[in-house]
Amino acid sequence: MATATDGVGTVQAEQSKVWEWLTTVDHKKIGTMYGITGFTYFLISGLTALAIRTQLAVPNGNVLSAELYNQFFTMHALMMIFLAIMPMGASFFNYFIPLQIGARDVAFPRLNALSYWVFLSGSLILFSSFFLGGAPDAGWFAYAPLTDAKYSVGSGLDFYCVGLIILGLSSLMASLNFAVTILNMRAPGMTMMRLPVYMWMTLVVSFLLILSLPIVTVALVMLYFDRNFTTNFFTPETGGDPILWQHLFWLFGHPEVYVLILPSMGIVSEVIPVFSRKPLFGYAAIVFAGASIGVLGFGVWAHHMFTTGLGTVPALVFSATTMGIGVPTGVKIFNWLSTMYGGSIRFTTSMYFAVAFIAMFTIGGISGVMHASPAVDSQHQDTYFVVAHIHYVLFGGAIMGIFSGIFYWWPKMTGRFLSEISGKWSFWVMFAGMNLTFFPMHFLGVSGMPRRIYTYDEGFGWDDWNMVATIGSYLIGVSILIFLINVFRTMRQPATAPDNPWDAPTLEWATSSPPPEHDFDVVPEVHSSMPLWTNREMGIVTPEAPEGLHIHLPPSSYMPLILAIGVGLIGVGLLSHLALVGIGVAISTYGVWGWSIEPTD
Amino acid sequence: MTGRSRQIVLVVASFVAVAFVSWLIFIAFDGAAIDKRMSTLNPLSDQAQSYHDVYVLVWWLSGAVFVVIMAATLILSIHYRERPGVEPRRDIHGNTRLEILWTIIPIVIVLIMVVPTFAAVLSVEGDAEEGALEVTATGHQWWFEFTYHDSDGNELFRTANEMHVPVEQAVNVSLVSNDVIHAFWVPALFGKKDMMPGHNNRLWFKSKPGTEGMHYGQCVEYCGDSHANMRFRIFVESAADYDAWVTNQIAKAKWSDDELVSAGREVFVAKACNSCHQVEYSKSDAPDWLVPPTVAAIGPNLSHLASRTTIASALLDRDESSLRAWLKNPPAIKPGSRMPNLELTDDEITKLIAMLDSLE
Amino acid sequence: MADMNAVHDAHDEHPTTTIREYLIIGLVLSVITAVELVMSLYEDELGVVLIPGLLIFSAIKFVIVVAMFMHLKFDSIRFTQIFAFGFVLATCLLIAVVVLFAYDATDAIGGGFIGDPIEHH
Amino acid sequence: MSAATHETEHHTSLGVDNRKLLMWIFLASECLFFGSLLSTYLIFKGESLSGPGTDIFAFEITSISTFVLLMSSLSMVLAVYGAQHGQLGLMKLMLLCTILLGLVFLGFQVYEFKTFASEGLTLSTNQFGASFYILTGFHGCHVGVGVLYLSSLLISSVRRNGIGKETPLYIDIGGLYWHFVDIVWIVLFTVVYLIPAY
């Protein structure tokens, strides 16, 4: 397909580069900003993890104080979940939803820009807590009443409430946008059962967020009121109940786990067929399994609470539903493996990460099902066994999947290939590093090492494995360094990537690399879930773009930025002085007003 | 070699390789039981045993799934790697029969896990049979308090961080918290349960014959700065030893007229130690200045400190140097400790240690 | 969800309800509210019927507003599916959480479930 | 609100407008929001350690304000009718009516809160008070946002002084939000006020 010729695209006034990015409503630019921000937080959060591992390398370590350690492990989780994995997922969503469904942009481009800027302001508020009197230090699920003003005297937990509410707002807006886009803006011929699996997973993730974020918002508001406005929702002395926090939090928190892992499942469902060079095995089953994981995800939350005195019958009910989730997950794993069967597999770096995803996620999945049994859970909950479990799911699963996606889509996004040799080095170092780090944690768990302890005594049999885990974590750090060098070196090279370097079947590969601002000159016809392969087999040729093609694109707007600044100020005001809330409201109101009257044509 | 036999060799080799790795992993898991301090693989009570039985079953099932999927990944990756002249089978889009099969297999595995899980949980929940020992364990930031009751539920005595139970006797533990959520766990004796403020959780256990000895426990629900330092121990003893211990605990603290001890008592009062720590003396005509406070819930009851093996929520052995370090600056040992640095002089500390050592 | 692909170009067709019909619906809603009020005044006489009765009336009002005022009766079935999914999920979770709390035998404050399965001191 | 919908206006995958779809999905999300608040209330309403309990409710006032909100739904649907049938006057009148009824409802709520506070029920009095205020307070916030939302629709329709191509759609979507706030109150009125003693 021809690359965009001059004259194709939008007519825009010359603007400075910075202003262009600040006011952009282009989903690709917004996706890029999400990606860069998310990866930056990934690096910062990784550094906190290295500090944690350094502290734990030897018994009675004294690299970090107890206070700092507790802030670090809390912020490590918060940043990885809300500021790294979710935005990196949102980055791919933004970039590839319109490209994969054959649309010009998302349904609401300005809302999309607003989501990013609100995310940025929320993330800065949460992150700034490090420098403004101490970060949250009550763990990422912040169990009451430890979070009450009586036990958490500093303002860390206020930053937690306000930061997460703002981040939730951003995720809600983004998810609404994505859901509408996927449901309603598909290319002609692209029925729901012809949607790429990645789009299906995006849709499920969007609905998970749309339906679970309001719950945690309510909990966070109540916590904020408890801390600042004399209510007693979670303080038992005055009739409150800390169990309520746990229910509301995990009603959100468990779907959130699927929000983190499903995008990566979508990515490997794209990558594996492409490099096996054959269609995905059992498309319908994979889609159905993904959707049912999403629905079942709302019915298992209390398995996080087996040890709280839930009662026998509820514990057994939630045990059964939790084990039930293993079934669709198993279906997915077997279908991915069957896709490789009979293939002719090209082992690119992206495929390495995808295959590693299957293996590593399987380990995390198995240990998850093990703990669906309250009998096993009561001996392993809150030990390093659970730490191993979540990291096999979130690192071996979510992060491996994201790296697979980065190597897969990099040529499309930048027009340049990442070095395969360097990429494979970073893969193997990361693979070795993550297994060295996280597998020994299983041993630590069965030998009874509790999680979230900043120090431990020698003689419990924990010393050696902790040292191994620390060495492994440094290896992960090295692998990330190799990857960064890879990025900086290859970005200096000229853009040489063809439209479809991997011979992939989905629509994003039908346009140039990188795509023009209007995405497609002409959207190809869609007759299957693998349109490019099917069209080639059927001999359908996408017509060339007509001469003088002019595609109307939405104009850029600075209103999202202003509105986000307003929202950010409201947040800052809630943490400092209520007068700032007033200013924030005024700015937001101006933003909404300007938004609603500004021409969109 | 023909293609067929090469395939067989590949499959066998992959399974052998994965099984070997799994065997190494198994050895390592087993190694976790060698150091038995906090190991979950060393059940010494009926309750821990019934949980352990479920764990073993779940472990073998998981291990089998692990070996199959890892071997399959390996075999498929090697066998179907790109080779010249071999075209991918683009005609395969799925196979309904196979997909139904591997939907049913996980369901069966889940059912195999569900049944013993339900049985084990039902056998452990609830309370012990009649005549069980009644102990209330209270979580504090950051130490454990144990209150022993007689059969009518009347309080007998309080102690801290070290719990004694007779061997082969059922024990009911009432779990409460004085501040935030803590969790109570001795892996060898019982699965963990949370100490929820505003709630009253219960657990029970009955140690197996021949399990006399010291068993390690720790708080396993994150509870603030010194969560890592909140440890405790359970001593399983013969009935005779246990009775002797109870008799000593019920008795009030021994009065000593030793000069250093008397001086220590004065420091104890002068530095307001007794506003947090209770010491009930047996002496009926205790001097006016030594009025024990009625309730001491802020710090552990010290009436029989010298009968314990540890101090500072089982963080340090109870010996002269640890006591000295602790009294010198408690928050340095236990960050966030409710016991502040009292700026005691070495002389005062010496006196206090003498007094504390007299509290057998 | 499988047949969500149906592509129809149905442009917003306005519901055919007349003003008169809207007014009647408004009247019906008011009457139901009045009946509910009267019911709540006779709670002793009604006994066990009261709560289910009130809930049913409230559900009727809910359905009338959603179907007629929000035009779900006339609009795309997708809207109904999406909204019903959210509403049913919210209802299920509400019931589940409330039941879990009612079941909580360890609550030292609120008292346990009727027929409390675990006796404690 | 959307520009990219522009070219797909006549052809969307589900045959519905993006903006209306967005509003319906948002309302599904709001169900979970109010569901969580209502769960909290139901769990806590019996946990009245001290101070007033549910017997504080004054039937007459709440019944009137409930009636007011129901009537605002009626006027809202008539405004939508006006927009869809090109009756500009009816639309503007009914929008104004809806806004005023919304304000009256808010007035009643402020009065109710003040009365309760003077009778000793505050956020910190007991669990019932805290969960009641936060539940009905958030509903009140939604009514307030609705009033602002409808006011902006009214102002823009006055400024334009005519019915644009998209006016019926905007009024319709605004109506969806308003009716949702109303049905939340239908549930709250029954569960909170009419079934208080259980």
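Structural remarks
Each chain gets a letter, A, B, C and D, in the order it is written, and its residues are counted from 1.
Keep this in mind: a residue touches a chain if its C-beta (ideal position, glycine included) is under 8 Å from a C-beta of that chain, and two chains touch if they have at least 3 such contacts.
Since we're looking at a predicted model, the values are computed, not measured.
When chain centres are set by their Cα atoms, the one at the greatest distance from subunit D is B.
Looking at which of C-D and A-B shares more C-beta pairs in contact, the answer is the pair A-B. Separation between the centroids of subunit C and subunit D, computed from CA atoms only, is 16 Å.
Averaged C-alpha coordinates give centres for subunit B and subunit D that are 51 Å from one another. Put simply, the C-alpha centre of subunit A and that of subunit C have 34 angstrom between them. Annotation for subunit C: residues 4-5, 7, 78, 86, 89, 93, 97, 101, 104, 106-107, 109-110, 117-118 touch two or more other chains. Touching two or more other chains at once are residues 183, 188, 190, 211, 215, 236, 239-241, 243-244, 251, 309, 312 of subunit A. Within subunit B, contacts with two or more other chains are made by residues 125-126, 196, 198-199, 201.
Listing the residues of subunit A that touch subunit D in their complex gives 25, 103-111, 172, 176-177, 179-180, 183-186, 188, 190, 210-215, 217-219, 221-222, 225, 229-233, 238-241, 244, 248, 251, 552-555, 595-596, 600-601. Contacts from subunit C toward subunit A in the complex involve residues 1-5, 7, 78, 86, 89, 93, 97, 100-101, 103-107, 109-110, 117-118. Interface residues of subunit D, counted against subunit C in their complex, comprise 10-11, 13-17, 20-21, 24-25, 27-32, 34-36, 38-39, 42-43, 46-47, 59, 63, 66-67, 70-71, 73-74, 76-78, 81, 84-85, 168-169, 172, 175-176, 179-180, 182-183, 186-187, 189-191, 194-195, 197-198.
Across the complex, subunit A meets subunit B through its residues 65-67, 70, 138-139, 143, 145-146, 151, 236-237, 240-243, 276-279, 281-285, 307-309, 312, 315-316, 319-320, 323-324, 326-327, 330-331, 333-335, 337-338, 340-347, 355, 358-359, 362-363, 366-367, 369-370, 372-376, 378-383, 439-440, 442-456, 459-461.
If you check the complex, the residues on subunit B that touch subunit A are 25, 28-29, 31-35, 37-41, 48, 50-52, 54-55, 58-59, 62, 65-66, 69-70, 72-73, 76-77, 80-83, 86-90, 92-95, 98-99, 102-103, 105-107, 109-110, 113-114, 116-118, 120-122, 124-126, 141, 179-181, 183, 187, 191-194, 196-199, 201, 216, 218-229, 335-336.
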